[in-house]
Amino acid sequence: MIKKVLVANRGEIAVRIIRSCREMGIQTVAVYSDADRCALHVLYADEAFHIGPSPSTESYLNIDNILRAARQSGADAIHPGYGFLSENADFSARCNDAGIIFIGPSPYAISTMGDKITARKTMMAAGVPVVPGTEGEIDSEEEALRTIEEIGLPVMIKASAGGGGKGMRLVKNDKEVKSALRAARSEARSAFGDDAVFIEKYIESPHHIEYQILADAHGNVIHLFERECSVQRRHQKIIEETPSPILTPERREQMGEAAIAAAKAVDYRGAGTIEFIVDKDLNYYFLEMNTRLQVEHPITERVVGVDLVKEQIHIANGEPLKLKQSELKQQGHAIECRVYAEDPDNNFMPAPGKVTHIDIPYGVGVRVDGSIYEGFEIPLYYDPLIAKLIVWGKDRTEALERTQRALKEFKITGVKNNLKFLERIIQADGFVQGDYTTHFIDENKDFLMRNDPCDQNCEDIVIVTALMEYLQKLEKASPKEMTALKNNWKDFTRVRSVFRL
Amino acid sequence: MIKKVLVANRGEIAVRIIRSCREMGIQTVAVYSDADRCALHVLYADEAFHIGPSPSTESYLNIDNILRAARQSGADAIHPGYGFLSENADFSARCNDAGIIFIGPSPYAISTMGDKITARKTMMAAGVPVVPGTEGEIDSEEEALRTIEEIGLPVMIKASAGGGGKGMRLVKNDKEVKSALRAARSEARSAFGDDAVFIEKYIESPHHIEYQILADAHGNVIHLFERECSVQRRHQKIIEETPSPILTPERREQMGEAAIAAAKAVDYRGAGTIEFIVDKDLNYYFLEMNTRLQVEHPITERVVGVDLVKEQIHIANGEPLKLKQSELKQQGHAIECRVYAEDPDNNFMPAPGKVTHIDIPYGVGVRVDGSIYEGFEIPLYYDPLIAKLIVWGKDRTEALERTQRALKEFKITGVKNNLKFLERIIQADGFVQGDYTTHFIDENKDFLMRNDPCDQNCEDIVIVTALMEYLQKLEKASPKEMTALKNNWKDFTRVRSVFRL
Amino acid sequence: MSYQVKLKDRIAHVEILSRQKEQLLVSVDGKEYALDFVKIGKGSYSILYQNKSFNVELIPINGIKKYDVNTFKNSFEVEIIDAESKYLASRKQTQDSDDEAVITSPIPGKVVKLFVEKGDTVEAGQTVLVISAMKMESEFKAPKAGVVSAVNVSEGQSVDSRQELVIIDFH
Amino acid sequence: MSYQVKLKDRIAHVEILSRQKEQLLVSVDGKEYALDFVKIGKGSYSILYQNKSFNVELIPINGIKKYDVNTFKNSFEVEIIDAESKYLASRKQTQDSDDEAVITSPIPGKVVKLFVEKGDTVEAGQTVLVISAMKMESEFKAPKAGVVSAVNVSEGQSVDSRQELVIIDFH
């Protein structure tokens, strides 16, 4: 039985994992880089070990340092969270070698699903639908042309080792094939050191729908239904919901069965996610498997009534699943909004900095998972995800109304953030109607970038308040500060224009 | 259709009501006394009207001022919350007269249930079990003796108009009957101006279990299961949970039917609660009906998946209930902890004052309803309830573990509070086993008042930290402050001892 | 330099041996502690000791020498003993009794009843005033017989916690 | 006394007519407002105007004259115009062009590449440096041709938002 867990991660997910461990009476160990000495996961864990400088390559990705901390602390298990080392087969293997339980799947499952071509072949063998295209990697331009003739244009050329849109090329007409193929290979080679590519049918108006699965060490695999994740910007998810507004009960069940088949094909163990691409006629195709906990796992927790981190730990302990597929049900509707430290008005530039004030939404149906506190300096080295708002309603309408209410209550000052942008997504027609694809953000740019109107009263009150604050500060300013103000003025006598991006 | 609601209340319940209104797109009007200009419900509402000086008799109980605010704001409905005017039949009638919808039951239902003897008679007529005793009020000492002979000792003599333990006398043997009867009548006369009393069998180890009901204007009445409220101190509830750990499915259904019968007997409309007293053999007796929303309503919301404030508003709009009894289910387990500004180590003395810092618990399964913020001065005029922690778990064990976790995360500084006391309740054997009566707090006093041990390391670290803070402050102290410190010292040269209660 | 710090009945002798950025070396009653010591907010500290994570929060009480201290599990009142405190403590020891009693309320409230005036003689246990807060009334009594030397409040007045309300002189 | 306050392109003339405790009477561009005006925390205000409840939060930007302002619905940048600001504005109007460009980053980050040294001539649109934050890189370019008159940072250095990084002289 696991007694002490080292969490090899940071941010909200580290805090979230520690919470469930604490509820189970399990001791927790945090690890931290230079930049994270004051991060919430360090304050919140029972123990904390320093594992290196701020860049993640030297700390959160440093397997040796993390294993050393595990040994020193006497942790008997490691939870990798998401990102960082969570889908690193070598890390899973190294944990096994060190006699430490890796709370996640085997190195085999990770590496099989980590390589797109291998995953694709494995899925085809298991009878899971994949996007029409080449079975393996392309050997010649002739093969490419033959494939394209079979499946028809448009197609997507993808790097086998790819990710993040690199080594990808969309081909819409015959003339582009050769040049696109060459470009994709060369980009893949320089990005991943591997120029293997394959070809898939391009789905025009796709939905991104994923299935949560749980698999124990005794061969039991269940799915916990889907999550609709089509609201994305540059392949980064922003808002997720469950149930998906487009699935029918029949399709939901079919896809669930496909997800279970996919997991069984790699002898999966633990929590995982099967991502599908779904077209407007509800044809679905395996896209990839994430062999770890997802950022958006809480919406599944809410509608199914389960704590996925606890399930992961039970599975890692070798216990059989207590949940039965036939007993699982989706209760009501849940929506997750990801709060990023970024500036939507400035091309979504990331915005690290010091949080001066937070108003968190409370009350009925609202859950918040976060990693910031007042006075916390959001480091510039890591992901800009700083909080997640998870809202439940008895149906989709109530969930939407409640999300709006909660977003309006949510205030983070000191750092730029996307809270207003999230609010506008929730108000957008396409979203309200539940009729949106992965192109939603691009297609609704005008609406989403619009600011709420402020009438004259509202403006005037803002003006008066700023003036009153200024006058109060002027009164309180010490002589020393007044000098500083004056010097500042002198600096300004030479006219300058300050350019920003 | 209600478009604008005036909330005739303050504190967490006012904020909670505004939240649901906002989700429904209904405008909200707050009212406030002198002491509450900066209270959260004023900041949070769309509009705010001043209704008088700080004492509640001059503001939150002032019907004229509240109705004036309703007229001025154009509110078409008033939500009374709990406490204050929520069970005032006159207020309900005055709203009706003014053409404003009172979100609650009719004056008839309020006054019938408000008088204990009338309520008792009405319940007996409706076939709802009541505690054995006199049917109406006692006319003579002979009648009292006859009744006692019938039902057997011990008995409780209660004032008809009573509440808060006043005009109540427990009689354990024959000799005490006459003097207890006289004392109860005289106390009732001076406390309520009415010396009517009645006699009930005294239940030795009672459980306090209540049923949430909803009744629409079309004769539909449903119950939303029970809440176990036996953890009380001086008749004040502290922790509630649902489902009750002692009820059987059969008894649960029977009591639910009794609750519906009770509501139907007074043509009830809206949300209400039937309180039962339950003995160790699961005999249950009607105790009273609260004709309003309860403090502890959120645990029902959580396990049934309903927003009770929204249901109240739908009913007030004349809409038929959409919920069907046969479709309702208790999903998992919920616990509410009431956070009071009081000092458990000092005889639970109330503790108003300024909140300097709050750490609110977040994450999976946690809901917080509150009315305080950092810098807020908790007024000394009102109830010490400042927040409610509502925790859900898939079963009672998980709910308990999660409540512990959340209570440990919950920190309120600047004002004394009962958070540690709540934590100890959750840890107490009787509570963990689900085997507790209304005597629980008294019977577990020793355990509940114990402090967690702090080992030497922990103490030493506290000592070092205080010293470092002192040294830093000493360094930063301005000359003016140093003089103040010195003067302070001079004051001290005369030896004083400072006495506290 | 050595300091004395009082926690409950214990008076600890603390010596700061060295400090380099977050690394703090101290000795408490002879036991050495190497701490990773960081202030993360107003009165709020994160301390790592042998990799155990401690969070300590301090709220000053009337000045800079006394603090209410919260850790994850416990709450304490801690006082720094400096020359002034020592002087007071030594004076206290050399005397048989205190000179006077200052009646204060531990909580803010409103004076609903005041039973004494300046110059009144009071008996031990006699109720001096009643404070009401949040609908609960509390009586405050004279600890010993004496003479009221000061009454700083009047009926109906709101008072702060620890404010000096009535002073009783024992001589 | 009258003040000028800038919000977006609007310059409002504000006069404080009277203030008694929370009751504030002001005129903004001739329109009178009777406000119930209370400060509830650092930079945080509650305002009731005709019983409508407004919450306004201000975060100062480099000093006391500029604020990021948040209301329930909107965010603004507001600036108080005093003698200094007026002088600068008037000077700006009388000149054809600016003297120099100060390159700043709107966000904190790390300088990952620096392409210029002091004295270098730069073309309009030429990339001057690259800042990285949260795994995203941003290029900063010269707005016009000119000469680099100051380079205040070096590669690998962390920089604050609005910090002056590179100055380009146009003369």
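The letters A, B, C and D name the chains in turn, as written, and every chain counts its residues from 1.
Going forward, a contact is a pair of C-beta atoms (placed from the backbone, for glycine too) under 8 Å apart; a residue touches a chain by one contact, two chains touch by 3 or more.
These figures come from a predicted structure and were not determined experimentally.
Asks: Count the touching C-beta pairs: is B-C or B-D ahead?
Replies: Greater number of contacting C-beta pairs: B-C.
Asks: From the C-alpha centres, identify the chain that is farthest from subunit C.
Replies: So the chain farthest away from subunit C turns out to be A.
Asks: How big is the gap, in whole Å, between where the Cα atoms of subunit A centre and where those of subunit D centre?
Replies: Taking the average C-alpha coordinate of subunit A and of subunit D, the gap between them is 33 Å.
Asks: Rounded to a whole Å, what is the gap between the Cα centroids of subunit B and subunit D?
Replies: 49
Asks: Could you work out how far the Cα centre of subunit C sits from that of subunit D, in whole Å?
Replies: About 46 Å, centre to centre.
Asks: Touching at least two other chains at once: which residues of subunit B meet that condition?
Replies: Counting only residues that touch two or more other chains, subunit B contributes 408.
Asks: Residues of subunit C touching 2+ other chains?
Replies: 52
Asks: What are the touching chain pairs in this one?
Replies: Pairs of chains that touch one another: A-B, A-C, A-D, B-C, B-D.
Asks: Where on subunit A does subunit C make contact in their complex?
Replies: Per the stated touch rule, the residues are 29-30, 37-38, 42-49, 72-73, 373-376.
Asks: Any idea which subunit D residues touch subunit A in the complex?
Replies: Per the stated touch rule, the residues are 3, 5, 7, 10, 12, 14, 16, 24, 26, 28-29, 31, 33, 35, 37, 39, 43-45, 47, 49, 52, 54, 56-60, 63-65, 67-76, 78, 80, 84, 88, 91-92, 95, 98-110, 132-136, 138, 140, 143, 158, 161.
Asks: Where on subunit B is subunit A touching in the complex?
Replies: Listed in rising order, the residues are 15-16, 19-20, 22-25, 298, 301, 305-307, 331-332, 360, 362-370, 394, 398, 401-402, 404-405, 408.
Asks: Any idea which subunit D residues touch subunit B in the complex?
Replies: Subunit D reaches subunit B through residues 22, 36, 38, 40-42, 46, 48, 51-53, 55.
Asks: In the complex of these two chains, what residues of subunit A are touching subunit D?
Replies: Residue positions touching the partner: 341-343, 346, 349-353, 356-357, 380-384, 408, 411, 413-414, 416, 420, 451-452, 454, 456-470, 472-474, 477, 485, 488-489, 492-501.
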